[in-house]
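Structure incoming, see below.
As written, the chain order gives the labels A, B, C and D, with residue 1 at the start of each chain.
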Amino acid sequence: MASPEIPAMPKAMERVKAAIVGASGYTGQELVRRLLLHPQVELTAATSRQEEGRSLADVFPRFRAVPGAELKFILPDPDAIAATGARFAFLALPHGVAAEIGRALLERGLRVIDLSADFRIHDSAVYEEFYDHAHPAPDLLAEAIYGLPEVRPEEIKAARLIASPGCYPTSILLPLLPLLRENLIDPATVVANSMSGVSGAGRKADLSLLFCECNESARAYGVPKHRHLSEIEQELSLAAGQPVVISFIPHLIPVNAGIATTTTAKLGAGVDRAQIGEALEKAYAGMPFVRLLGEGQPADTKRVTGTNFIDIGWVHDPRTDRVILMSAEDNLGKGAGGQAIQSFNLMAGLCQTAGLQSV
Amino acid sequence: MASPEIPAMPKAMERVKAAIVGASGYTGQELVRRLLLHPQVELTAATSRQEEGRSLADVFPRFRAVPGAELKFILPDPDAIAATGARFAFLALPHGVAAEIGRALLERGLRVIDLSADFRIHDSAVYEEFYDHAHPAPDLLAEAIYGLPEVRPEEIKAARLIASPGCYPTSILLPLLPLLRENLIDPATVVANSMSGVSGAGRKADLSLLFCECNESARAYGVPKHRHLSEIEQELSLAAGQPVVISFIPHLIPVNAGIATTTTAKLGAGVDRAQIGEALEKAYAGMPFVRLLGEGQPADTKRVTGTNFIDIGWVHDPRTDRVILMSAEDNLGKGAGGQAIQSFNLMAGLCQTAGLQSV
Amino acid sequence: MASPEIPAMPKAMERVKAAIVGASGYTGQELVRRLLLHPQVELTAATSRQEEGRSLADVFPRFRAVPGAELKFILPDPDAIAATGARFAFLALPHGVAAEIGRALLERGLRVIDLSADFRIHDSAVYEEFYDHAHPAPDLLAEAIYGLPEVRPEEIKAARLIASPGCYPTSILLPLLPLLRENLIDPATVVANSMSGVSGAGRKADLSLLFCECNESARAYGVPKHRHLSEIEQELSLAAGQPVVISFIPHLIPVNAGIATTTTAKLGAGVDRAQIGEALEKAYAGMPFVRLLGEGQPADTKRVTGTNFIDIGWVHDPRTDRVILMSAEDNLGKGAGGQAIQSFNLMAGLCQTAGLQSV
Amino acid sequence: MASPEIPAMPKAMERVKAAIVGASGYTGQELVRRLLLHPQVELTAATSRQEEGRSLADVFPRFRAVPGAELKFILPDPDAIAATGARFAFLALPHGVAAEIGRALLERGLRVIDLSADFRIHDSAVYEEFYDHAHPAPDLLAEAIYGLPEVRPEEIKAARLIASPGCYPTSILLPLLPLLRENLIDPATVVANSMSGVSGAGRKADLSLLFCECNESARAYGVPKHRHLSEIEQELSLAAGQPVVISFIPHLIPVNAGIATTTTAKLGAGVDRAQIGEALEKAYAGMPFVRLLGEGQPADTKRVTGTNFIDIGWVHDPRTDRVILMSAEDNLGKGAGGQAIQSFNLMAGLCQTAGLQSV
């Protein structure tokens, strides 16, 4: 978080100019919150078609009196965005729309962190299967990096275009990837159940998202083929070195933010329980935002909301020989805005944790 | 619900005298609520050690002005309970305690509906394995009926002692039993994830149950071997005709009441998707409290809270050949008090739905 | 609640045919819930422009399997409604719209219980001042009865047209009216603060009513001149025998249902504390839906949600010589649908509590 | 917030050593959260009788992986605390207990910020009247400064002992003080209604604070003479230059954090509406943590939770000539821990906003 009370500091350092394209939704709001307070970032532009001309503070009264919140929304015009001097652009737009403006910004020399699904799927046919329309920019897929900083930091540092992962995928992939990489579980037995806060559904006037429709309610949705399965299975397959198909059941629960995911899978033949913990330790030891809770420790969303942490605990059930992986993250933090800024920090050569230390 | 506005009615019929032993918790409160309004029941006794001498209305102000709520709590003394003329006793007590007083009431000629776990497990060794103490009344296990009215109505009608099922088991068993009975799924692949409202944890002064600890939180707990697994697997095994061992992961979410359960399992070899719906229809068509939502319909706790319904929807995922069963119930209704009264209605020769029609 | 388990009963009595005009909102839903279960009512019609042709159970899955829920929504056509044989019509429509169809139904011989504001204000100029449009049916105002069953039961029994009070007004009027009637408080010092559940804002797709906008939020709104002030001050003035102008500040809090109102006023000169309790007792002793909690007892919305009760407690503060009146009701129950049915019961010559006894 | 990503910085500056006495409650937890991330503070001690020996991260898993959270709780022993080199001590203890250890720490040369009520009341007789026991350290009252940084910054800078205000008082005093100072309202007409999140009741195992008892509930409590009235009226009287007695009605609502207060009062004779806004502007213009929303703007707790802001809006009602003041703060932030750190920053010669800029 910015520390204006230390006058020397901000002056002392060059602030990196960045823009947020599509800043009026919940993810956009989280990006605004974190970038306004990021000690090494200058937010030069925030775009919104409906809020054009209003300031960040007017649209999000929570930011009133925060330095920088007087910035006015502009239209998502690539030239206008580039003209602000932004070297990086975060895209918090619907899929389909993101690819188009992403290309225009790349052409203008900006580096792009896209939080939509547009560049997450390497195979445009899979994209079309899951998103019901032809891919808007297949030629860019080759260079897009699926932005899991814990998995491919080097590619991210060098990337021009980041496809920042979805909220559900992050909570499912981080616990599973090390186990698949080391062949510790049977890929055919993976079942992931997630519970998400309502902010994950976005900030749109929809009867089903009204307080009275969500409060005191718990329900599954989007089964059996939620769109996030496409990126989840792509990354799991890469880790396993073979095609992986899983069951994924998302649920909506009455909390503002947070995702808790419980994933079960059979251990591979001859695999010992202890190898699970070892693989997780090996993969994430020393990583600033993955907190390994250890064996027998459940994860709780209330411990990660507002942060960029993902908590991971696990249990082995000898009765079924299944491992139960429990992960928790803030769907707007490590599941969206926080993780995108983590990638940005790597790209910009900043400390990975810059601007991401709130608890 | 009672209809005092029809003066003739109550007089016209004989009311069945019933007692609630352990009426100061959330389950006891639900039993009080439903029995006070039951048109054919006279609540003759409610017991509580800590509330002795206070009236139902004083302890639960919600019941103030409800006919019958002036009844005063008495101590759980079998003779005193029998002396009120009660022919039926509902036990809402901790396991271990229930068996003892249950026996005493049976000896005094009352028929007992026990909502604790004491009589749910046929095998006292399994009971001891899961509940960490020797069974307090193994000689009574033989006659205890596991009270799922949709599964064994005739045994319930004739029973002297009912072991009313737990909240999680009810939400898992009702969707699964027909599929196992007809061999439609592979028992070795069953994974059940449940989300429960906080009332399921009981009414006890415990830091972890404080509003601020539960609100804006979602967490798994009790893994990998929750006590309810003992009764779940007992009933699943009976239906499958072979030992069944499953994974069960309960979660706590910030709602007062309601359980949503999502259960996945592989279809058996050569089984067709359509057989799932057919088996559910065959099992539950015409049953008043099981609402089959049909294929592709998720269940939502907010549609069943306050009722005795269980909603069941299902989806088949051709990619994994798994069936996804989604069920929702009120953990205090069909998951506890409502179901116990449903069994009582059968035992007393009343209409199964008597006193259970609130929505 | 309906008691189909008593076969003789429904046949034995003549059910009163009633219709709900505008049944797809939260108030309409509450009317449906209570009338479907009302032992002496037959719901013959439910109207909705957007849901025409769908059944009550389809639109409100909570009602699935409830007898009568197969009824299909029709368009709000007066002739079609009358053709169903309905002798009573409940109007749960926006102000302005209600008056028009109300007139048409009266002309067709139905008796009307209007839950909108259209017939609550005797003076059409005041209506226009608060509702920003000319009164749609001033000629009907003379015969409309402001439907507080505790205040004017006889007029209600005989009425052809009931203006059922608003949710906030009910919670403010019932505690205050007896004190003003008996001159116990200074009318110029009345300040009422109310907290309402979100259902009070209606079922409309509005960003400000999204779960994430309301959860973890508490805010005042509609100050200083909320529309309900018009009916509140009209009734207070009638009771006081002089014009009364008060301060009323409504707040939105994150609960589905319930209104808690705290009203303060200075005691009149020479008034003794004890007279407060006596006046409340005198006004409401023996009334089935007003629960006087007594001196020093706060009211809690959680004890009245789902019921037709209003709880009223009070405290006198000798330091300021103010009385603090605390009331709680379900905004959809005693604050809307329940109270409308209470008036209907009186009009139809039924027991006042028929169909209103859920807790 | 700390910025460890700028290695040079922490070394470059002298960190102020501070201790938290009574760090296991919600206020203590908030102090820990903010001090761990405070760029110019080194937390040298945290005390708790029940958690002695455990680390901050173990007791509050939310802080796991946060630099400094490995600190272990010690017993509240003044010598042990002083031995850590702490120059400042925050006391988050029950009243009565705080005074005792506060004295011991003062004697050992620490400067004390007490968040309990012990040093808020200048008159020990008033303290005894409201807190039901003799004042534990009347000799220290003379030097204790009631720590409202916006009201008496200079006294705070020089203070050895700060009595940090209560959560309700802060939300009531900041809007009212300027109006009383300038004689704009009639002190005899002040009525304050507050709604508080449940964390305000503290972290204690109490049935009335269970999730199921608070969720879907709204209730007044502590009327007519809540303890906070003593400090509220003391400060209002000082501002008015005459004794002020008000009505204050606190309410509990189902949110974790946040207080919304609505205060009404009659304007003084001849006072013009515009003077209200002018007085607020004059009092708080340029102050970093008071956000004046302007005329007609309600305050919403959800815009201030997690921050140290207090939002203040106001409306004048010409019908009653009352001003309606609406304020919102985080009861744990500006209402407790945040404000205490704001005073600490002044005492330590740091920027007032250091460590308080999260949104």
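Couple of notes before you dig in:
By definition in this document, contacts are C-beta pairs under 8 Å (C-beta built on N, C-alpha and C of every residue); 3 or more make two chains touch, one makes a residue touch a chain.
Every value quoted in this text rests on a predicted model; they were computed, and no experiment measured them.
Between A-B and B-D, more C-beta contact pairs are found at A-B.
In the contact between chain A and chain D, the residue numbers used by both copies make up over half of all numbers at that interface.
For the pair chain A and chain B, the distance between mean C-alpha positions equals 40 Å. If each chain is reduced to the centroid of its CA atoms, chain A and chain D end up 35 Å from each other.
Between chain B and chain D, the centres computed from C-alpha atoms are 46 Å apart.
For chain D, the set of residues touching two or more other chains reads 213, 215-216, 254-256, 300, 302. Of all the residues in chain D, the ones that touch chain B in their complex are 26, 197-199, 203-207, 209-216, 254-256.
Considering their complex, residues 189, 191, 193, 195, 213, 215-221, 223-225, 245-247, 249, 251, 253-258, 260, 262, 264, 298-302, 305, 315-317, 319-320, 322, 324, 326, 328 of chain C touch chain D. Residues of chain A that touch chain D in their complex: 1-6, 9, 13, 33, 36-37, 39, 61-66, 216, 288, 291, 293, 300, 302-304, 306-307, 309, 311, 350-354, 357-359.
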